[in-house]
Amino acid sequence: MNWPAVAALPKSTPVVIPIAALEQHGHHMPVFTDSLLMGEVARRAEAELKDKVLFTPLMWLGNSEHHMDFPGTMTAAPRVYLDLLTNLIENMIAHGFQRILLINGHGGNHVPGQQVVFELRQKYRQRNDLLLLSATYWLLGGKPNEVDSSLEQNRMGHACEWETSMMLRIRPDLVGDLKQTARVEWGNPFEPGSRGWITKERTPTGHIGYPTNATAEKGETLFRVFTADVVSYINRMLAWDGFSWSG
Amino acid sequence: MNWPAVAALPKSTPVVIPIAALEQHGHHMPVFTDSLLMGEVARRAEAELKDKVLFTPLMWLGNSEHHMDFPGTMTAAPRVYLDLLTNLIENMIAHGFQRILLINGHGGNHVPGQQVVFELRQKYRQRNDLLLLSATYWLLGGKPNEVDSSLEQNRMGHACEWETSMMLRIRPDLVGDLKQTARVEWGNPFEPGSRGWITKERTPTGHIGYPTNATAEKGETLFRVFTADVVSYINRMLAWDGFSWSG
Amino acid sequence: MNWPAVAALPKSTPVVIPIAALEQHGHHMPVFTDSLLMGEVARRAEAELKDKVLFTPLMWLGNSEHHMDFPGTMTAAPRVYLDLLTNLIENMIAHGFQRILLINGHGGNHVPGQQVVFELRQKYRQRNDLLLLSATYWLLGGKPNEVDSSLEQNRMGHACEWETSMMLRIRPDLVGDLKQTARVEWGNPFEPGSRGWITKERTPTGHIGYPTNATAEKGETLFRVFTADVVSYINRMLAWDGFSWSG
Amino acid sequence: MNWPAVAALPKSTPVVIPIAALEQHGHHMPVFTDSLLMGEVARRAEAELKDKVLFTPLMWLGNSEHHMDFPGTMTAAPRVYLDLLTNLIENMIAHGFQRILLINGHGGNHVPGQQVVFELRQKYRQRNDLLLLSATYWLLGGKPNEVDSSLEQNRMGHACEWETSMMLRIRPDLVGDLKQTARVEWGNPFEPGSRGWITKERTPTGHIGYPTNATAEKGETLFRVFTADVVSYINRMLAWDGFSWSG
Amino acid sequence: MNWPAVAALPKSTPVVIPIAALEQHGHHMPVFTDSLLMGEVARRAEAELKDKVLFTPLMWLGNSEHHMDFPGTMTAAPRVYLDLLTNLIENMIAHGFQRILLINGHGGNHVPGQQVVFELRQKYRQRNDLLLLSATYWLLGGKPNEVDSSLEQNRMGHACEWETSMMLRIRPDLVGDLKQTARVEWGNPFEPGSRGWITKERTPTGHIGYPTNATAEKGETLFRVFTADVVSYINRMLAWDGFSWSG
Amino acid sequence: MNWPAVAALPKSTPVVIPIAALEQHGHHMPVFTDSLLMGEVARRAEAELKDKVLFTPLMWLGNSEHHMDFPGTMTAAPRVYLDLLTNLIENMIAHGFQRILLINGHGGNHVPGQQVVFELRQKYRQRNDLLLLSATYWLLGGKPNEVDSSLEQNRMGHACEWETSMMLRIRPDLVGDLKQTARVEWGNPFEPGSRGWITKERTPTGHIGYPTNATAEKGETLFRVFTADVVSYINRMLAWDGFSWSG
C-alpha cells in the first residue's frame, strides 16, 4: 500500500498489529518459529476478513529476555519493549485510527501487551472513541484438544506438540528430528500466580511440552481453531458500537 | 521489629509484600477499601503462618489511573508503579532474602506485578536461588460461590457483592446504603483478551457487580476462601527446593 | 471517605500528604519509627484542624538508601522517590485541589520534597492559583529544648533522645533497653553545606544522638511543639490569598 | 537456524543487522519500499559471503517521525529507536559475538546508527575485541552515476529515480504511474550542516528527486554498485585484526 | 592543564566544581550575573589555595526554570540538571579523585546539588574513601552585615543589594541605573518550609531585595566574607582524615 | 545583556549556541583546546555579524566519553548530552526565537547535534516557522589546504596540525614542545561508515594527525577559512524565507 491508500481508509477500520519473537525453540525448531506461526495465523485471518481490516507487518522482535541464555535469541529489553509496543499503537492513533489490536504469538509478550493497552487508554482518557486491545492467539478460548483428541497437550508449551505441529504444517523443512526430543513437563508449582523465571531453570534443551508426536495434521487443526478465534475477536471489534457510559 | 531482628532471620524466609490501592469504590464504599481488605487477608495469613514468614507493611498506593476520573483516587503513574514494585522487591534482595511474593489486592496491580517479577528475574539471571512471585488473592483458584451458594457473583467486580460483603465483615461502619446500589454488568465483550479501559466507560457510579445483597456472612466466607489460598501459596514457597535445571 | 465526599470538598481545601519512612532505627527502636511518629503528629494536627483540611494516608516508603546497609530498611530509589512524590501531588492537582503540602517525618525526604515542589510548580507555571509546599515537622522553627530544659539535644538526630522520647510516649512497648545505648555524636565537619553520606559511616549501631535518657514526658513536649508548628503552617495555607504578582 | 547452530559459530563471525523503515514513499511507491530494497541488498550480499557472516532478520521499524504527517508511516520515537538499536546489538554481544554491523537502508536511521555504536563502544570500553559499526548502503562510496551515465541523480533522494529504479527491478507490480510524478528538488540551503526537517516542508507528494525516468536496468546497476560496497565493507570486518593500541 | 598534568595530581587533591546560572537579574543587571560572581569567588579562593586544589571551569548553565518567564534565561530542565551535576562529579570519580565539591552560586542549584551528592554517595556505597560535598557560597555561615553595618539586607535576595554590590566591584560597566530600582520584599509566608514558586509570582521586574544603595565597597566586603568561607570549607576537605566508622 | 534587552530582539533574530568540549588534547595541548578554538571562531563571526545575531555563551561540556581514559577529560553521558542540547535549544524556543543554530567545535558533538535538531523539529512539527540547525565549523566546506599549501593535513585530526596551529595563533603559551610529538595516522579502515571507538584504541598520546610543524600563520589561515564558512552559514539563516511547502 502507498500512503494515499492508507489515508483513504475509514478511521473506524480495525488495525491489527501482529507481534511475535525471535528466540530459541529447542534443538528441533528454528529461532524464527513464533514469527512464522503468528504470520500464518495473521495471513489466514486477513484472507477471511479482507479489506475490512488493516494488518501491519509483523514485529518479529519480542520480549524474550528469559531465553537469552540460549544463543541466537534476540530481545528488546523489557521496558524498551513496552515503549516499542506503545509506539506501534500510537503511530496508528496519530493516523486517526480508533480500533487497534495487538495480536500476539509469543508468551513473553502477553503481559507487556496488557500493560501497554492499559497505559495508552489512560494517556488518551479524554477520547471516548478509542478501542485498544491486546490478545494472544492461543488464549482466546479455543480448545484444540476438544477438536482433535489425538493432541496430547491441552495447553501451550514452548517448541512443543502444538508449535511443532503447526510448523510441520507450514515449514516441515525447518523441523529437526523429533525422535530426539524428550517430554519436558511445565513444572511450575506457582500457578495460578505469576513467577519470574528464566528458561534454563525449566528445560536444558529449550523446549517445554511433548513435541515427539507432532504432525502436520494436528498443525492444521490448531491453525483452524486459532484463526477462527482471531477472526471472531476482530469481528467483535467491527461490531463494537462504543461505550455504554461516556462520562 | 528492629534491624538486628531482621538481620537474624534465615535468608530462606519467605517475604510477603502486600500491595493494594486507594481509589474510588462507588457511592457506598470508602476509597481505602482495597487496602483494608488486602490488609485483613494478610493479617489472617500471617496469624496462621506465624514466624515462618516476614510480612512487610502494606503498600496502599496502587496502579489506579483508570479510576482517576473519580475524585479521591490516588495512583502511581503506570511506569512509576513498575519502579515502585521493583524497589520493594529489590530492597529485600539487597537484604539477602531469596523468596519474595507480592500479594495483591487490587485488579489494576495484577499485570504490573507480573511485569515486575519477570523483569527482576531477568536482571538477576545469574542467581539460581531466587524465587520471585506475584499473585492476586482472588485469582489463586478459590471458588467462593461453590462454598456459599447464596453468592450471586462468581467472579470479582469492583465495590461489588464480594468486596462489599468483606467490608461488612470488618468495617460495616464504612459501608453506605446498599439499597441505592444498582446491578452493573461487567459489559466487556473483549474477554478473554485485554482491553485498555477507564472506569467511567463502564460505570457511572464507580461500582461493577451486584453489591445490593452483600452480607457480613458472605464476607466471612470470602475471607476464609481467599486466606486459605494465600496460605497454601506461601506454603508452596516454604516447600520449594529450588530449580530442576541449574543451567 | 467515598469519592462523592471528596468531590464535594471546596477546591481551596488544603490537602496534607504525610510522608515518612521504614528504616533501621538502631538496636532499640523499630524500623517503623518515623512512620509512627509522623502519623501521630498528623493525627494531632488533624484533630485540631478538623474538616477544614484533607489528610491523605501516610506514605511509609521513603528515601532511605543511606540506611540500606542495615537489614529491614525499605526505600524507593532516589529518582523513583521523586517520581512517587510527584505522583502523590499530581493526583490531587488532577482532582482540582490548589493547596497541597507534603508534611515530612524523615530526614532523607527533606531534599526530595523540596525538589519535587520546585519541579511541579514549574510544570504548572501557567496556573496562578497553585500553592505547593513541602515541610519537615521538626524544621518549622520549634525549639523544644527551650520548653523543656531537661532535653539534652537541641537538634534532631536519628533514633535519638527526641525520637525515642516520642516513641516512649505512644508505643513504649516497642522501645528496647536504653541503658545499652551509647552517645553518638553527629560528627559531620561539613555543615553547613551538604555531604553525601551513608549511615554506617557515622554510626555502627544505627542511631545518632543521645537516646539513653529519653522519657515519655519529653516525648509529649516534643509532640506538642511540633504539632503546634504543623498546625500553624497549615493555618497559613488556609489564610493564603494568592500571589502579589500575577505576571 | 536453531540455537545450537548459532552457538556453534565462531565468535569472530561478523553479525550483520539490516535496518530499514516502513514509511510513505510518495504516491507511486509502497510504504514498505526501504525494507524491500535493504532486504534485496542484504540477500545479495549474503549470497556472496555465504557462511562466513551471520545475517539477522531485517528490522523494518525505523526512525521515521519526519514522515508521520503522511498516513501509513510507522516509526519508533527517536529515543526508543536508539534503545531498539542498542538492544539489537547488545543481544549479539550477549551471545559473545565481537564484530557487529548495522547495515542501514533508510536515511532517518543514519544518525541514530552512529549515535548507538558510539554509545555502546563507550559502555563496553573495557573490551578490546569489539568492533561495532554502522553504515548506510548508499553512503559507502559507490558512484552509480559513474557506472550508468543515464542516471539523472547523483545522490539519493526519497522515492526517487534511484529507489524507484530498484523497486522496478524487484517488484514492478508495486510501482505506480511514473508519468504522474514531478521533479522535486532537494531544496535545502543548509547543507553541509544538519537541519531538522519534516517531510511535508519539502514535498507535497512525499517524494524528493526525479522518479519519472526510473527503469529496472538502472535499478540493477544500483543494486550491483551498492551490494559491492556492502560486501567490501564486510570483508574489511573479516580482515580486521584488532586495534593498533590496546591502552 | 594538559592530561598528563592532571594524571600526575595526588588522588586526594580536592576537586572544586563551580556551578552557577544564566538567568534574568532584573532590569539593572546582566543575565550572566551569577556566573560572574561565582567565578570571582572561585578565582579568589583558588588564588589562596594554589596548587593544593583542582578547580574545573565554571558550569554556567543552572537550574533556572523559575525564571523562564523572563527572556534570555537559559536553564537545564530539573532532572537534566540532576544528571548534569551527576556527570560532572562522576567524571572526577572516574579519574580517581576522592574529594569533590560542588561550589554553588545560584539559589536554584542548592537543592539539586544536595540531591546529587546524596544519590552519588549511595551509588558508590562500597567506597569508604569518597567525600562528596555540595555548598552554596553565601550559606556557609558568613554574616556580611556583621562586618559592614551599612548593608541593609541580612540575607541573599536576587539582583539585590548583595549581588549588585559585588557586580559593582568587578564589572560596574554592566550595572544599570539603580535609582530606577524598587525595594521588593521577599514576601514568602511559607518559610521555613519549602514552596515551589516561579519568579513572576514574586516580582514584576525580576529582582528581590534592595539594590538601590548598592556600592562597590559593600561588594568587596561581601567577596571577602564569602571567599573566606569557601576557603575554610575547602581547608576542611584537605584536613579530612576519613570516616569514623568503616562498617 | 539584561532580560529586557533580550525581550526587545525580533523573534526572527538567529540565535547561535556555540558548543565544544573539555577533553584531553595530547601531551602538548590543554584540555580546554576545543572550547578556546570554538570561542575564537564564534567571536570572529560575532564581530562580523554584529547585532543581527544573538550568540549565547559557549557550552564547554561536550560528548567526550571516548576520551575518558585520559585524566582531566570531562563529559556528559551520551544521553544526558542529548538532553542538554535539547534544553539549550528549547530555552530559545520558549523565548520565542525561530532560527537556532548549534555551532560545534568538537567531533564528538557532531552526531548528537544532528540527532537533537531532528528530535526537536519533530516535537514542534505543528510549527512552520522553526529553523533548527546544527553544524561543525570545519565541516562546512572550507578547504584550508587549498589556501595554504604548506598545510600537511587535509582533514581535521585531534590536537593535530590544524588545532595546534590555531592554538599557536591565540594562546601560544599553552602549547607544549612540538618536537616531542609524533605523526599519528587516522588508521580507521571503516570509513565511510561509522565505527564506535575509544581514543586509546587509536593513539597512545592522545593526538591524531601531524602537529609537529604547526605554526601561528597556518592557524590564522584556518581561523579565516572557518570563520568565513560560519558567517556564510548564518547569513543563509538570515536570508531564509520559510518553507516551500506548508503542508
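Chains here go by letter, A, B, C, D, E and F, matching the order in which they are written, and residues are numbered from 1 within each.
The working rule: contacts are C-beta pairs under 8 Å (C-beta built on N, C-alpha and C of every residue); 3 or more make two chains touch, one makes a residue touch a chain.
These numbers were taken from a predicted model, which means no experiment stands behind them.
Colleague: Could you tell me which pair, C-E or E-F, is linked by more C-beta pairs in contact?
Modeller: Pair with the higher count of C-beta contacts: C-E.
Colleague: In whole angstrom, how far does the Cα centroid of subunit C sit from the Cα centroid of subunit E?
Modeller: Centre-to-centre distance between subunit C and subunit E: 28 Å.
Colleague: Which integer distance in Å separates the CA centroid of subunit A from that of subunit E?
Modeller: 56
Colleague: Enumerate the residues of subunit D that touch no fewer than two other chains.
Modeller: 68
Colleague: Can you tell me, using the touch rule above, whether these chains form a line, ring, star, complete graph or other shape?
Modeller: Chain contacts: single closed ring, each chain with exactly two partners.
Colleague: From subunit C, moving on to its ring neighbour subunit E, which chains come in turn until the ring closes?
Modeller: From subunit C, continuing first to subunit E, the chains appear as C, E, F, D, A, B.
Colleague: Within their complex, state which residues of subunit A touch subunit D.
Modeller: Result: residues 1-7, 22, 24-32, 35, 56-57, 59-61, 68, 70-77, 80, 83-84, 87-88, 91, 94-96, 176, 206 of subunit A touch subunit D.
Colleague: In the complex of these two chains, what residues of subunit A are touching subunit B?
Modeller: 65-66, 68-69, 78-79, 82, 108, 111-115, 117-122, 125, 128, 131-135, 139-141, 187, 189-190, 192-198, 200-204, 233, 236-237, 240, 243-247
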